[in-house]
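First chain A sits with chain B, and in the next complex the same chain sits with chain C.
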Partner chain A sequence: MKFKMKRTTIYGYLFILPWLLGFLALVLLPLIQSFYYSMNDMRITPVGLKFKYVGFNNYLDVWLKDMFFIQELLGFVLDTILRVPVIVVFALIIAMLLNQNVKFKGSFRTIFFLPVIVASGPVINQLTSQDATTIPLVNQDVIIGILAGLFPIWFATQIGELFGQIIIILWYSGVQILIFLAVLQKIDPSLYEAAKIDGGSSWECFWKITLPTIKPIVLVNFIYTLVSLANSNQNPIINLIYTNMFAATRGYGFASAMAWMYAVVIAILLLVIAFVFRERKPKRYV
Partner chain B sequence: MKRFLGLLLAVFLVLIFAGCSKDDGGDETQDSGSGSEQTETTESQADGEAGLAPMTGEEITLTYASWANADLNNFLAEKFMEKYPNITVEIVPVEFQGWNDNLTNLASTGQLPDVFWYLGNVDVAIRNGWLGDMTQYFEADPESENILSSLKVQGYFDGERKLAAPVTNLPYTVFLDENLFKKQNVEMPSPDWTYSEMIDLIQQMTVPEEGIFGYNTFTKLLTIAPIVNLDALTEFGFDGEKYDLTGDWADAVTQRAEFVRSGVHAPFFDTDEAEAAFGDRLLWAASTGRVAMQLDAWWTVGLFKQPEFIDKGIKWVPYTVPKGDNAETNRKPAFVDFGTISSATEYPREAYELLKFMGWGKEGWEAKLEAFQTLKNDDGTLVFEHPDGLPLIEDEDIWSGLRALLPEEKYYDDFLARAKEPVPLGGAAQPGFQTFLDEVYFGGEYGDVELAVVNGEVNAYDIAQDLTDKINEYRQAAIEELNY
Partner chain C sequence: MAMSKARSFYTVLTNSDLSYKEKWRLGKARLARFLFGFNDRKGFIMKFVIYTLLVSIGFVYLYPMLYMFITSMKSLSDLLDMSVKWIPTDLYTKNYKQAFSVMNMRESFTGSMLIALVPTIFQVIVASLVGYGFARFEFPLKKLLFGLMIFSFIIPPQILMMPTYRLLSTLELTGSLNAFIIPAALGQGFNSAIFILIFYQFFMQTPKSLYEAAEVDGASQLTSFIKIAIPMAVPAFIVSFLFSFVWYWNETYLTTLYLTSSKNELTTILLQLQQFEQNYQTMYPVTENSPNKINEGIKMAGTVISILPLLIVYFFLQRYFVESVDRTGITGE
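Up next is the complex of A and B:
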């Protein structure tokens, strides 16, 4: 029996072929390479790479020998738990505002998306180093002082630092705003009209119509935000991996192992988010 | 189909053999080249380097990477090529930021330059096997005899092989504000001052009621003291075999902490203390006119001649780092960069010659002196308003040539006469040192050790033995890497 592909299937594959090739060459191959590196002690000699198989020793060393990895990882997790909801909620609010019938709607949308284009890694780094990403009127020390009376100091410091980076946090919202905007425009207006006829307030409409409808997209935005924060070059763990890559006693093998461990932690966080925002089957009342 | 596959296989095999035969051919060419080296060597080259193997007469290309001024690099490369017309020097552009990382990237693609400088950390070069062995050339070279005694011994990381060589010499320099000393009626010290005299003078010049600080640092007492007091070969009291942080290092780091806490040391840049003292947290203490001494480096000499300082009534004059109280030598810390030839270079003899020319060689230095006087920017100003570093050899002509480019004040005569035993800092000169700094000294269980001492979190004397043990272990481990 001959296997025959449908013409439409072939077209489909042709369309995704560039992506597929890119994925194989630029994602899958480096992934395999990086895993191989992580199992070896590597030397970058002038005549080529030298490998010495060390099994999972690099992975053990990441946890047992690197003083900064656990510390930075805990900081990142805490920071992410605080930042991600702030970014997503902010993006939702702005998207809802931009979804209103206001003048210059297009200009406003451009303004909120502009940082995504303009503020690339080096630009953000420059702005951060010049303290241009804080709001001068917001005194971080005062906020930390007040919070320290209510929470443990480590927690108060994290929240305080959140205020110090508030502009950066808002800059991370551009894409999420667009995603929310797209889904908000898809909600059938007749749902709101029906609710209004029944006496529903805007507040009730938001909780009973808007939020349940866009819930899957909230999950998408949570995932998008977490991944973009995890890959940000402002992330100290990314810098730590880079530093280890070129450190004399560490090298590519150790850095690859660290990158893999970091990827596992991010994957766990993604699973937690997916679990929290999963689609639940509606309860049936008999 | 079978025929097609057969044809494909045949083409494939032909390509493979063609590839192999090309390699073989390459080797043959190289062999024949080596054979012709003897015959094609010019008379003058053979005469010029008695004791050294002759240079090739073949047309070859050497790649070179250093972070020296680009104009200077090009100028020197031209001069080298004038001397050896059969050698083309190709300067490899490497970004200074992340220098060693960039070298690693070049090595990973098989493009490590034939001759290169490494930045501040020899461990990277050792671990990755970049260092070419130049012992036979260095030891047969009559010019090696002229190298300053404290530098000649550097680069023998395992005690036997010459794997790297000093290529720059920028001494630690202590600047004294002569006008402030006059104002305070304090006599300027002798150029032969000692470490204790400097410490006393720092304290004497501290006048809190007038807002005058004894000193400000770029370079640190804790680096200076163990070198000058112990006649050491590098930082932390290294005697050629092992380190000892229990004596002068512990004293100096404790003294420094005391000076920082008590306001003898000027407030650090961009701190509340700096704002309180100078009214501007971003003002460099050395440009306030309220600091008696600035512990700095040779490259600042030119800066301190700028109107910014003169207009404020500040007259910074250079002194060498003082001698140790009981020192037998004139060893003093310096920023000494190291260069090497690649372990994979096809032309080690010629690469050595290039490294020497660009670093310590007399002819190279003659060219440098010419460059300091002639190289100009687009706007007609000199590229070097101030000579870039001091010579690395004992040669009267070169030293007097350099002297002629400096201001006429006597301070410069005194300085140059006492700067002939430079001692490199640990990172580039000693295996394991920089890794120890990264993993223990600045990032270990005590955090930043110097900061922890200033903050009173640790007592330097309590941890000195532990640090000594660890740095010696790191050294040993790094040396073992040489035989990996």
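Up next is the complex of A and C:
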């Protein structure tokens, strides 16, 4: 028995060996290095890289001396908090529409998934620079004007921009739609039949059956959306890190510190999502 | 179906045996059924709402693409003419010719193909091996390692970008295809964690007894992987391959970092699209009286060219893409 145990261990490690090596060399090592960089002032000299230990000064500089970081970060956080739920809810609505017995279901799925294939950074940049990503009939200024009466102005402009970018937002929901659709199709129809016999309306069925069943998948989609938004090329902070990396006065050290701060912010957002979706203790039904 | 409904509605109305009041009652009932549905059948109104929503959302999805195609067909006079919106006055292909030469198509297409194809092959093979290892064997620290794999998907790549770039440039790998192949072969390619997860899920669903039977018959682990696991996992291979291909094709962050900073010939279509305007200006310099100024039509033609290969792939293989989620059982059984 003991010999057998050992053998599966060896085989298991043999199979995952490439990944393990890659993880050590290309994830763990860079992770440590990047932390080390962020504590140093790095200069590229003709002789090679020069390190000067500066402690947490880079981190302080990111917050205190960079003009754009805080501004972009606030913009990003606000944007994400608005966008992620919109994308997920939209994906759920579209998936539920498709889950009905509609004709041309396949064609609709094909259309909704198309952006996942074609939407890459430069393509989206080209399209947004041509204003091809706003619906011409939706007048953003009117919407902002109405909203400004109800909310503070910064919030109103954010929501107005949301309308302006509605196509891009929809384009980010292709994968989520498919995931929702796959899980919706797996819900046992007899659950709905039983509910209907007991006089439940479709509305009640949605809140009492559909939503609780797919709750884990909603969480998955939330996380997926957040990560894909955070790592997308359109993200201004990522471009900021990139420019700092090659900037003469800033360099790797500063850029690393900025990347770490950004990672912390994303981690906080992830934690918030996980907290919202945490498993509550089951209530007792009498 | 609508026809038969209409006919039955008509027969009710023309039936002379029924009094006017009964006709009214029956007709109303039928109309209500038609509009609001009964039992599980959806009524006409509901269906109308669903289809309208789907079609309008579908249009919103397609709008940028339509715009792109149409603008790319417009000549300069069409672009300036405000009355020409959706239908260009004539079939104008010069935009494409210009874009084709500006983007240096022959080199960039081979570059894109190489960068999308070769790392994908490595990535898929390694992901299948690792996924199999995680799914099939029990070994110490498995849970921890699995957690680390998922963690590696969530870390923002920007943290790792700089040290990795330094590592690869000290190994003199940047500027060549190797900068993409080696991470892919080590299971750290673009979105590798997702592919490992796909294979993990897939191999978890295959019955263990098959492998045990092969083992009893004296097959080695590698033989049973090649002879049993791989043939069963064909759908997972197709899905991973396609997605990996598309993602590598669309990748610009790493390609910009690894390829543009060093002087070399390797380039991709999307990199060319990124530098489209500069390249255009060097190729067709603006002189006093030549109409060589870049316009939206040419830019859109470049964009169309850059997505066309993927569109063709998608057109033929779309069912593998859209059924991917069902096939690989990512959502769990």
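To be clear about the criterion, the second predicted complex is superposed on the first by the 253 of 286 C-alpha atoms of A that agree within 3 Å, B and C clash if a C-alpha of one lies under 4 Å from a C-alpha of the other, contacts with A are read in each partner's own complex, and residues count from 1 in each chain.
We adopt the following convention: contacts are C-beta pairs under 8 Å (C-beta built on N, C-alpha and C of every residue); 3 or more make two chains touch, one makes a residue touch a chain.
Every value quoted in this text rests on a predicted model; they were computed, and no experiment measured them.
Look at A:Met67: by the touch rule set out above, it reaches chain B but stays clear of chain C. Within the superposed three-chain model, A:Arg278 lies out of touch with both chain B and chain C [touch as defined at top].
Touch criterion not met for A:Lys208: it reaches neither chain B nor chain C. Set side by side, chain B and chain C differ in how many residues of chain A they touch, and the one touching more is C.
When the two structures are aligned on the shared chain, A:Gln126 is found in touch with chain C, with no touch to chain B. Counting contacts as defined above, chain A residues 245 meet chain B in one complex and chain C in the other. Every residue of chain A that touches chain B in the complex is listed here, in rising order: 43-50, 67-68, 245-249, 251.
Considering their complex, residues 42, 50-51, 53-54, 57-58, 60-65, 67-68, 71, 126, 129-130, 132-134, 136-140, 142, 145, 148-149, 152-164, 166-167, 183, 185-188, 192, 196, 221, 225, 246, 249-253, 270, 273-274, 276, 296, 299-300, 302-303, 306-307, 310-311, 313-314, 318-319, 321-322, 324-326, 330-331, 333 of chain C touch chain A. Interface residues of chain A facing chain C in the complex, by the touch rule stated above, are 5, 8-9, 11-16, 18-23, 25-27, 29-31, 33-34, 37, 94, 97-98, 100-102, 106, 108-123, 125-127, 130, 132-133, 135, 166-167, 170-171, 178-179, 181-183, 185-186, 217, 223, 227, 230-231, 233, 238, 241-242, 245, 252, 255-256, 259-260, 262-263, 266, 270.
Of all residues in chain B, those touching chain A in their complex are 98, 100-101, 104, 107-108, 110, 112, 121, 123-124, 126-130, 342-344, 434-435, 438-439, 443-445, 477-478, 484.
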